[in-house]
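Some structures are shown below for you to check.
Shared between the two complexes below is chain A, which has chain B as its partner in the first and chain C in the second.
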Partner chain A sequence: MSIALHRNARMLAARALLIVLLAGFLAIHPRGVSTGVLTAWSNQGVALAFVAVGQTIVVLSRGIDLSIGAIMALTNCTASVLVQGSPAEVAFGVAAVILCGAACGAANGLIVVKARIQPIVATLATGAVFSGLALLVQPTPGGSVDETLSDLLTGDIAGVPASLLLLAGLVGLVWGPVRAARLGRGMLAVGSAEGAAYMSGLPIDRAKIAAYVLAGVFAAFGGLFLGFQTLSGDPAIGGSYTLNSVAAVVLGGTSLMGGAGSVAGTIAGALILRTIGSLMFFAGVNPMAQPLLEGAVLLAAVALGAIRLLKIRNRLEMFR
Partner chain B sequence: MLDQADFLQLDDVTKRYGGVAALNKLCFRARRGSIHAILGENGAGKSTLMKILAGVVRADSGTVRLAGEPLDLRRPADALANGIACIFQELSIVPDLSAAENICLADPPRSRLGLIDRRAERRAARAVLAEIGCADGLDVRTSCADLPLSKRQLVEIAKAVVRRPRVLILDEATSALTAEDAAKVMALLRRLREEGTCVLFISHRMHEVDSLADTCSVFRNGEHVATFSAGSKSHDEIVRLMIGRPIAQIYPPKPARPPAAPAYLAIADLGWPPALTQVSLAVRPGEIVGLGGLDGQGQRELLLALAGVLRGVGGTARFGTQAALPASPRAAKRRPFRTALIPEDRKTEGLFLGLSIRDNIAMAALDGLARGGIVDSAAERALVDRLIATLQIMAPDADAPVGTLSGGNQQKVVLAKWLAIEPRLLLLMDPTRGIDVGTKQEIYRLFRELAASGVAILLYSTDYDELIGLCDQVLVMYGGRVAARLEGQDLTEENLLAAALNLRPAPPAARPASLTEAVA
Partner chain C sequence: MNARSSPFARALVRDGPTRALVLVLAALLLVGGAVYNQFFSPTYLLQQLQSGAFLGIVAIGAMIVILTGHIDLSVPWTLSAAATFSTAFTALAGGAPWGEFGVLVGLAIGAGIGLVNGIGVAYLRIPSMIWTLAVNIVVLGICVFYAGLYASGSRPSAMMSVLGGGRSFGVIPNALLVWLVLSGGVVLLMRRTLMGRYLYAVGTREGAAYLSGIETRRVIAGAFVISGLCSATAGMLLAGYANQAYQNMGDPYLLPGIAAVVLGGTSILGGRGSYAGTVAGVLLITLITSMLSVMQIAEAYKQIAYGAVILAMVGYYSRRSATPG
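Moving on to the complex of A and B:
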């Protein structure tokens, strides 16, 4: 019990902060606690949550994906072209968009692993490429997305926001089995100590490539969901999502050094970032001050995580 | 039917690093059901042989056969697939995974869906630890980052044994273990031999070789010199084979009587719960004081406390005329403390592996080498060259990265870095671990010369021979206290062991008379 608590302290702190912020938001919202308010809140956060989950998987394997926002923008634009028409065409479109995200991720993974380029540099470059592709697909915000599916996914099912169910379902279906399989174990091992993973005979290249592919898939989920939310594609949204995904990873307690952290924490982190915005809107705070306050919350949350260092009596442990 | 003697068969194996041959047309045989010790100085080619068998490095030429089959070892995964498992001195542990996850890392038990069966995994891990006899006090759910070094080494061993290897390779694998666990691991190795495993092991501890090996092979300069059954040659003969010349005396002579100078370091009732309780001791200039005992009895914490690493240390201390503990390692190396700590793990705490030998040696002394914040490169060069010559560091070039040196020379660089500040007190944490006999001898002589020049030395060692041969007096720690103080005629292996195991009630460590007044 104490072991589990110790390992998950940061994630639990992120959840507690989310609950406090959400309670504050619901308390000052003019319509109070209602299905509509919760659904709107959830819809606000789910696209970022998807992208941040993808980022977490890469970070756990000690990489970073600075192209993840661009993949999201590209898949969002692709969705605005392909996800429309007959049900069969919509199904094909969704599959194609997810495949597009996976292909972008595979390109990242192959470049990082085979060309041995540092992830930060490799994904900075591929991010520019993906942004360019997004502009070719959809030069200005526009296009259209199937409205039936949109209504279904951005509405509620028996009072529960459908978008939250979608998030939980897709994370459970995609990341759950991977996390429980040797592939996921390999990603954690590579992120924690790549040399040890190699010496243990693990397929480290495969683990890293798979992490980037999964990040691409989750970015595509984010792009798709944004399409359902806005009914259009926007090639310019990438940048803010990349940075916010990293912020959500850190808020959720995943170490940027790899190996330790959780997807559940990241989801809480992403929802925290979005809740701050909504909270300030309804509190009547000047919208211009929003980035400032978001930054302050991020710093405060990370500082909480550093309290551990004050308790350390053997200062050598600070560097481990 | 395959000849048992040729179970593992290496022919004409050559490996070159740059222009230097680490292995030169090596031919080597090992039997099934045998514990085979590989002896030789550092640089003799032992580690290279192990790395080739483990798939870490590829041989330039030559063949490796196992049970008659030629092997193509390109990666560690190939070695594991062929039943060759390695336990390295450098750990292959993944810190963020639990002990159970590490033990089963290469091939975890899986459910029918292909997912990892975590319960079966924990069961398997507990079973293999129980087989070693070390299941107690090691919760397999603990993440390895939270385990002490000795337990991590046990996990490392369990990780290899769980695969039931045909060939098991140990490279100084017991040096980080507690004496108790080491004995259990040795018993396990004997059981594996009965089951037909071919165990190859590298050790610099001769008593371990004596008690474990049935066959010994000596390597020298990348070549196989001799193979003989254990016990058929004396230690002197073996050492001569290893170095090609006799070592007259591995330990330098001790001075006849302790120096008369007042203690440089005097501590009283030092406490850091729960690791240290009421520790009192004194070290005079010119004296080498050893810290002994089982692993993990507070020896490390004591040295860390004296170097200013620990927070919240109770008790009193005096360094020279300064009645305080240093607040940090940075304070410790300066006046008035002038104290240097040679850390336990030279790769992470001692060296900057990617930096040059020169940068490493100058690093601690930069304050003294800088004028107005700019490092005086002529003074730096002079200092570094002098220390390289004094310590006889074997390096082609002082600008080469320190990571390219052998283990013994790396440790000399760590020593040089701290000698550069001209310390008055030298704290040493197992300074000769994993170092070859020749370099050890040089380092012992250096310590004695430093002591003769007025340095006070406090040394923790896991090697009883070293404590007996090198130290003027030895304080044996048990449960965070000084359990016994041994010197002169009393400093014997039997007494050390008895005190370490807290078997007989030793008289409480006598406080030097000068200490109480010195601290007060």
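Moving on to the complex of A and C:
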């Protein structure tokens, strides 16, 4: 019990913080606790949560995907062109958008594994390529997305926000089986000790490539959901989502050194980031002071990582 | 190879990233010259160096930090904050001579942000990628908050205008001269001082450097302070060049700065890299950007070309270092 508590301390802290923030948000919201308020809150956070889940999978395997926001922008723009028309066309469009995200992720994975370029440099470069492609698909914010599907996914089902169900469902359906399989264990093993994973005969190359592909797929979910939310595509959204996804991963307790962390923590982290914004809006904080407060909260949360220094007995452990 | 020959000449001859980059640069210049007759005119080339100087100064700081195995993502708002507050100070003076001290305010802000970065990364041991990112957001917040409270002037002081946008003898951009002076300084730092050696030692293996008696935390913090000073200098020069400080002025410098360093053959893991390579990287990025503009290529294709060049060059380096011999 105490081991489980110790290992999940950061993740549990993230959940506790989220519950406190959400309670505060609902308490000061002029309309109080209602399905509408909860649905709006959830819709605001889910796109970032999808992208951050993708980032977590890559970070767990000791990589980083700085192109994830660009993939999201590209898939968002693709969605604004393809996800419309007859139901068959919409279904085809959704599949095409997800495939597009997977292809971007596969390109990242192959470049990192086969060309042996450091993930941070490789994804920086592919990110530029993907944003260029997004601009080709949709030079300015615009396009349109099927409204029936949008209403369905951004509304509520029996009082529960549909977007939350969608998030839980897709994470469970896509990441769940992978996590339980050899491939998923390979990802975590590569993240915690690549040499040992290699010696144990785990498929490390395949695990790394698969992690980037999954990141691309989740970025595509994020891009699609943003499309349903805004009913359009915007090629310029990438940058902020990349940075916020890394922030959500860290807030959720996943180590940037790989091998330890959880997708559930990241989802809490992403929702925390979005809740802080809404909380300040309804608390009547001067809008000009909002970025400063958001930054200060993020800085404080990140600085909590320094607590581990107190436990260090041998100073050499510091350098790992 | 004569060990006494100048470092730059040796870097040119030695097989490696810098030579590959210089060859690509030469090829680009030849292609550009063949297609456009204006290409080799001094006016055009000096104009490129003028805009390349800002990136070059940012890249100095980026390289020093990357050599230690870290990364500074706070460049955009360090640059903007230095420009914003130095010009605001100048406006406060209302034309009095003490307005020129705005430059010192800008440098102090750069050094201060660098110190905060350094304390978080070196002493609190928080991964630089996330700490400098958070610091960047906080500085952004401070700038936005300040802009909301006070409507301050954003005109540069006389010195910033002269150094950023002026030209010596009517031809040579002063920003280029500033870049040259700072380049001389950083080459001296890296080749002639203990700090320079320590940067490489810390980047190669911090634990070993620590056991050899190097105060590694101070070295890392120092690297971030240098980076902050470089960003601040670039920001004030840019304000002088554009004749104003503006929001988001630093955004176009973060990724190109890192790209220039990496294109120049510096390892993103730290411990390896040469300044000559970084200069070549800055020139390559500046030249590609300007050639694509001359050819009136759409922004979309520019981004794609930009990413493709980084992938091709870095992929080429890693192939070379992977093959034995």
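The working rule: the second predicted complex is superposed on the first by the 308 of 320 C-alpha atoms of A that agree within 3 Å, B and C clash if a C-alpha of one lies under 4 Å from a C-alpha of the other, contacts with A are read in each partner's own complex, and residues count from 1 in each chain.
The rule we apply is simple: a contact is a pair of C-beta atoms (placed from the backbone, for glycine too) under 8 Å apart; a residue touches a chain by one contact, two chains touch by 3 or more.
Here the structure is a predicted model, which means the values were calculated and not measured.
Asks: After lining up the shared chain so the two structures overlap, which partner does A:181 touch, if you call chain B first and chain C second: first, second, both or neither?
Replies: Touch status of A:181: first partner only.
Asks: Going by the contact rule set out at the top, does A:250 touch chain B (first), chain C (second), both, or neither?
Replies: Only chain C; A:250 stays clear of chain B.
Asks: Just chain B (first), just chain C (second), both, or neither: which does A:316 touch?
Replies: So A:316 meets both chain B and chain C here.
Asks: Pick one for A:195: touches chain B only (first), chain C only (second), both, or neither.
Replies: first
Asks: Is A:20 touching the first partner chain B, the second partner chain C, both, or neither of them?
Replies: In the superposition, A:20 touches no partner, neither chain B nor chain C.
Asks: Under the stated touch criterion, which partner chain does A:292 make contact with: chain B (first), chain C (second), both, or neither?
Replies: second
Asks: Considering only touches as defined above, state whether A:283 meets chain B (first), chain C (second), both or neither.
Replies: Touch status of A:283: no partner.
Asks: Going by the contact rule set out at the top, does A:28 touch chain B (first), chain C (second), both, or neither?
Replies: The answer is neither, since A:28 touches no partner chain.
Asks: Name the chain, either chain B or chain C, that contacts more residues of chain A.
Replies: Touched residues of chain A are more numerous for C.
Asks: For chain A, which residues belong to both interfaces, chain B and chain C?
Replies: Residues 315-316, 320, which sit in both footprints.
Asks: Give the list of chain B residues in touch with chain A in this complex.
Replies: Those residues of chain B that touch chain A are 54, 56, 75-77, 79-81, 86, 88, 91-97, 101, 105-106, 108, 110, 113-116, 139, 141-143, 145, 159, 272, 301, 304, 309-312, 328, 349.
Asks: Residues of chain A touching chain C in their complex?
Replies: 64, 111, 115-118, 120-122, 124-129, 131-136, 139, 243, 246-247, 250, 256-257, 286-296, 298-299, 302-303, 305-306, 308-309, 315-316, 318-320
Asks: Okay, in this complex, where on chain A does chain B touch?
Replies: 3, 7, 177, 180-182, 185, 188-189, 191-193, 195-203, 259-260, 312-316, 320
Asks: In the complex of these two chains, what residues of chain C are touching chain A?
Replies: 71, 120, 124-127, 129-131, 133-135, 137-142, 144-145, 147-149, 206-207, 210-211, 216, 255, 258-259, 262, 268-269, 298-308, 310-311, 314-315, 318-319, 322
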